[in-house]
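Next come two complexes, and both contain chain A; in the first it sits with chain B, in the second with chain C.
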Partner chain A sequence: MADSGAWNQVRHYARAVWAENIKEWKLELTYPADFARSLIDPVVYLLPYLLYGVALVGGRTSANLERLVGTSDIVSFVTLGYVFIGFMNMALWAMGFSLRKEQMYGTLESVFAAPVPRWVFTMGMSMHSILHQFLMIASQIIFITLLFSIRINPLGLLPSLAAVGVMLLSLYGIGMIMASTTLIFKQGWLISEALGSILMVLTPIAYPLAVLPLLMQKAALAVPTTYGILAARHFLLGEAMPFTVGDAFLRLAVLSVVWVVAGLVIFAVIDRWTRRSGTLSHY
Partner chain B sequence: MTEPGSTLEPAGREDAAALECRDVVKTFKRGRRLRRKTMKAVDGASFSIRKGELFGLLGPNGAGKTTLVRCIATLLIPDAGSIRILGRDVFKDSLWCRQRIGLLTSGERTLYWKLSARANLNFFAALYGLSGKERDKRIDYLVELLGLKEVENERLERYSSGMKQKVSVARAILHDPDLILLDEPSLGLDPQFARFIRQFIREELNQRLGKTILITTHYMDEADELCNRIAFISRGKIVDVKSPAAYKRDIPHTEVLEIRVQGQPDTRPVETLPGVERASAEFKDGVTTVKLVLPRAETALADAIELLRTGSKILGVDVKQPTLEDVFLYVTGTSLGADTTEKPDEAGGRPGADGH
Partner chain C sequence: MGIDATAGVIRAEVSKTLRIYFAYPVIVVFWALFPMLWVVPFVFQGRALVGSASSAAFEQLTGSGNYLAFVLIGAMVSNFVFSGIWGVGNSLREETYWGTMEYIIVSPTNLLVVLVGKTLAEALVTTGIVVLQAVIISVLPFGISFTVAKVLPVLLLVGLLMVGFYGFTIAFAGFTLLIKEVHGWTHTLEWVFFLFSPIRYPVQVNPVTQLVSRLIPLTWALVAIRGIILLNRNEVSLGRTVLILLAMDAALLVGGWLVFRWLERKTRRDGTVAMH
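Right after this comes the complex of A and B.
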């Protein structure tokens, strides 16, 4: 009986996560022009970096890049870095600001009055953001492949997705923190922007980890996107990592636990604070 | 309809009250650190509602009705006191209690306007654990019942306020809750929709389905027409709880002298005339309505007119039997039409207050 109860609860929460995801898609698709822009923008942002890189090295291969990371193809290197860092933007912006959106719609209280824990709701938002991000990645890869052709090891797809999957757990934790901060700070986007800029610099997206100053290299090791992107490029391009694959997964797993626990705790504390102060529906 | 989640945990106590509030206190702090002020929105509210009862919280704007409803719905955490639904504490068993509450918050923007009625209901059904055929059947039933069939697939942004409110009602009762909280359900609706909503609450939800309902309102007619019992709430305190008939019996040998005057004259001398037990003055659309509750209206009639006509034009005089609104004035000393919300410069506003 208890098992059946627990199973019913799991199904209830899973359906709530899916419903939140579907609802977000429906809302998003009511603005088709915005949706189309969200698929084109990432390509437009990526192109200048690629062209700049190609112009600097005088072609798409760089001997210096090969010396540093074991792969010479600068286009594939930068493209994959940018593709996967999109997940960080998803956590900081899309997921972080979805509660703010609910506040502006006026629906946050209706949703929070429902018999599901808050993490179920944020998980649904996160699912929508991840699926959206995969569409953006597909759009980026199709365009860049058509323009430059990307050479990746197809056998590396599954392990790289596994690394990205563990990275997404960490980003879920970061997204929870961002979502909760937007409940109390009216200008929460300032925090997102500051944190986003710091993480963008620390994560070796368009450059190898080795070119960062030593102190920044140390700091980069506390950032989940560093491991996610390095591991993904390792499997797809053969990029050399300053640690073993096992180490990368282990560190990513530890960071995921830390960020998810921090996200849940901070969210719970802020949720309680807003219910005490009566500011839940304020925006 | 089988209620989802009901097999997960034992039900609440059979003999327990549907809702029991004990000494609930909710204060808000507002303003900057050095000028921070504390304001009591709910001040020791205690009452209980029996199963199947239609119970009203009647009070003016800013009385604390919405704050109290938000506490019951777990959207606010009180500073003190306890709230129990079917014997279970709403903060210790919040998920269990939320499953048993149907909440209709005041204001239009409680649904996704870019989605259709059906899409909104599908989404909330999933949050409340409904799925598949059970969900579709329930939504079909509610859409039919509330007259939304023709427009169920149109976006809410194209609906009138009344139609949106019907969808909000459908959302509140979608999961067949035991306790329905309706916060100002007819606020801002045209008379036709307001009448429909009231009739639906009384005849369908309460009389036919036997639901326990807590309704907040500052419309005296609404409370009088709908409720089995009414709690008068004023400045965060529950002043009294009785049936509408019992309230009216409280002041049987009383009359209400109502004088309408152009402009905004000083009404204080009238309010202190001999024999006047309660008085109020409301200014609206250039006209001040003075109400005096007293044993016999004619004893103060001449003096009141004399005092008010100085510098103002008397527009009308009426002597009435007391209504529930007059009883409210008599019991609380505050008119239902008054706005008792503390202004930001007084105490930094009243979050959760009516009209907020």
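Right after this comes the complex of A and C.
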């Protein structure tokens, strides 16, 4: 009986997550021009980083990059880095601002009064964001492949997706923290922008860890995107990592537990505080 | 409305916008520091791909192999462009959020006069931020020095860039009256500028970006400014650049004004000007 009660609870939560995801898709597809723009934007965003690399070395291969990581193809290297860092932006912006968006729509109070925990609601939001991010990645990869042709190891696809999957768990925790900060600061874009900018520097997106100053290298090891991107590029391009694959997964798993627990605790504390102080519905 | 009254409205708008700006000092600090932080990944990327602070391929394209100085100057000058898009282009949308748009519309003031006030305030704040960045950069060992002989022609070019670009942002403000929620489009516009003007990379590396970039005043201004600061070029082509920028300014100011007037009239006629 207890088992069936827990199973019913899980199904109840899963339905709520799915409903939230569908609601977000319906809202998004109501504005088709905006949806189309959201698929073109990532390509426009990525190109300057590639062209900068080409301008620096006068072609698409770099002897110095090969010396550092074992691969010389800067187009594939930089593209994969920026493709996967998109998930971080998703956590900081899409998930982080999920509650603020509900507030703008005037539906935050209804959502908070629904008989499901708040983390279920943000999980529904993140499900939509992750699916949307995969569409953006597809548009980036198709375009860049047509323009430059990316050379990856197809056998590395599954393990790289596994690494990205564990990274997503950590990012869910970061997204929860960002969502809770919008409950306090309301216009929390400054925090997202600042944190995003710092993580963009620390994460080895378009460069290996070795070029960072020592202190920054140590800080980068506390960031889940470092392991996610390095492991994904390791499987797809053969990039040499300063740790083993097992270590990368282990550290990612530990960071996921830390960030998710931190995210849930911080969210619960801030949620309770805003309810008690009566500022939940303030703008 | 007479000249005195118009000047009074502009003064009041400048004062109001500056007060709102400085009510959130953390935002001013953010805009002074973070555009410089956004340059850092390019520095590390350069170090990883080239292995030194200078690139021979980059030198062939730009005349200077100092890619760090290239992106830093791009980041500083592009502040004027992005603050224009966000500060002026989005300003009427912000008034809608604040609930003050209706008051502006019913006041006996031309909306364009209000926008001129907002533009001046934005230009003042951005100039202050860029000067602060220039001071920091010139103190640090980036290979960039600012002498009076360099600063004067640079100021002329920045002035010409701002005039034309703010004409464009006034048209963009009209666009926000029409389609309301332009946040995503503003980002798109930002990335289009990053792709088609030499803010972060030399656009001549690709024939398409090189061709499109010629239509953007920022390209002409940046090439000339980098020539003066990095290459000590004695303004060989400054006269030509000034003429091109003047022509672009005239087209953008007149075009921006006409587009804004048309969009404002259209939204007023449709009854959608104060809608969200």
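Definition applied: the second predicted complex is superposed on the first by the 283 of 283 C-alpha atoms of A that agree within 3 Å, B and C clash if a C-alpha of one lies under 4 Å from a C-alpha of the other, contacts with A are read in each partner's own complex, and residues count from 1 in each chain.
We adopt the following convention: contacts are C-beta pairs under 8 Å (C-beta built on N, C-alpha and C of every residue); 3 or more make two chains touch, one makes a residue touch a chain.
In this text, all values refer to a predicted model and were calculated from it rather than measured experimentally.
After superposition onto chain A, the modelled positions of chain B and chain C are compatible, with room for both. After superposition on chain A, the vertex angle at the CA centre of chain A, spanning the CA centres of chain B and chain C, is 90 degrees to the nearest 10.
In the superposed pair of complexes, A:16 makes contact with chain B only, with no contact to chain C.
Contacts of A:116 after superposition on the shared chain: chain B is touched, whereas chain C is not. In the superposed pair of complexes, A:30 makes contact with chain B only, with no contact to chain C.
In the superposition on chain A, contact is made by A:52 with chain C only, not with chain B. In the superposition on chain A, A:246 contacts neither chain B nor chain C.
Looking at the shared chain after the overlay, A:207 reaches chain C, while chain B stays out of its contact range. In the superposition on chain A, A:107 makes contact with chain B only, not with chain C. Here the smallest spacing between CA atoms of chain B and those of chain C, following superposition, is 12 Å.
Overlap of the chain B and chain C contact sets on chain A: empty, with no shared residue.
Within the complex, the chain C residues that touch chain A are 26-27, 30, 34, 37-38, 40-42, 44-51, 55-58, 60-61, 67, 184-185, 187-188, 191-192, 194-195, 199-203, 205-206, 209. Taken together, the chain B residues at the contact with chain A in this complex read 4-5, 7-9, 26, 28-29, 41, 67, 70, 73-77, 95-96, 98-99, 101, 103, 105, 107-115, 119, 122-129, 131, 155, 171, 351-352. Residue ranges of chain A in contact with chain C, taken from their complex: 34, 37-38, 40-41, 44-45, 47-49, 51-59, 62, 64-65, 67-68, 74, 78, 190, 193-194, 197-198, 200-201, 205-208, 211-212.
Across the complex, chain A meets chain B through its residues 1, 4-5, 8-9, 11-12, 15-16, 18-20, 22-23, 26-27, 30, 105-107, 109-117, 272, 275-280, 282.
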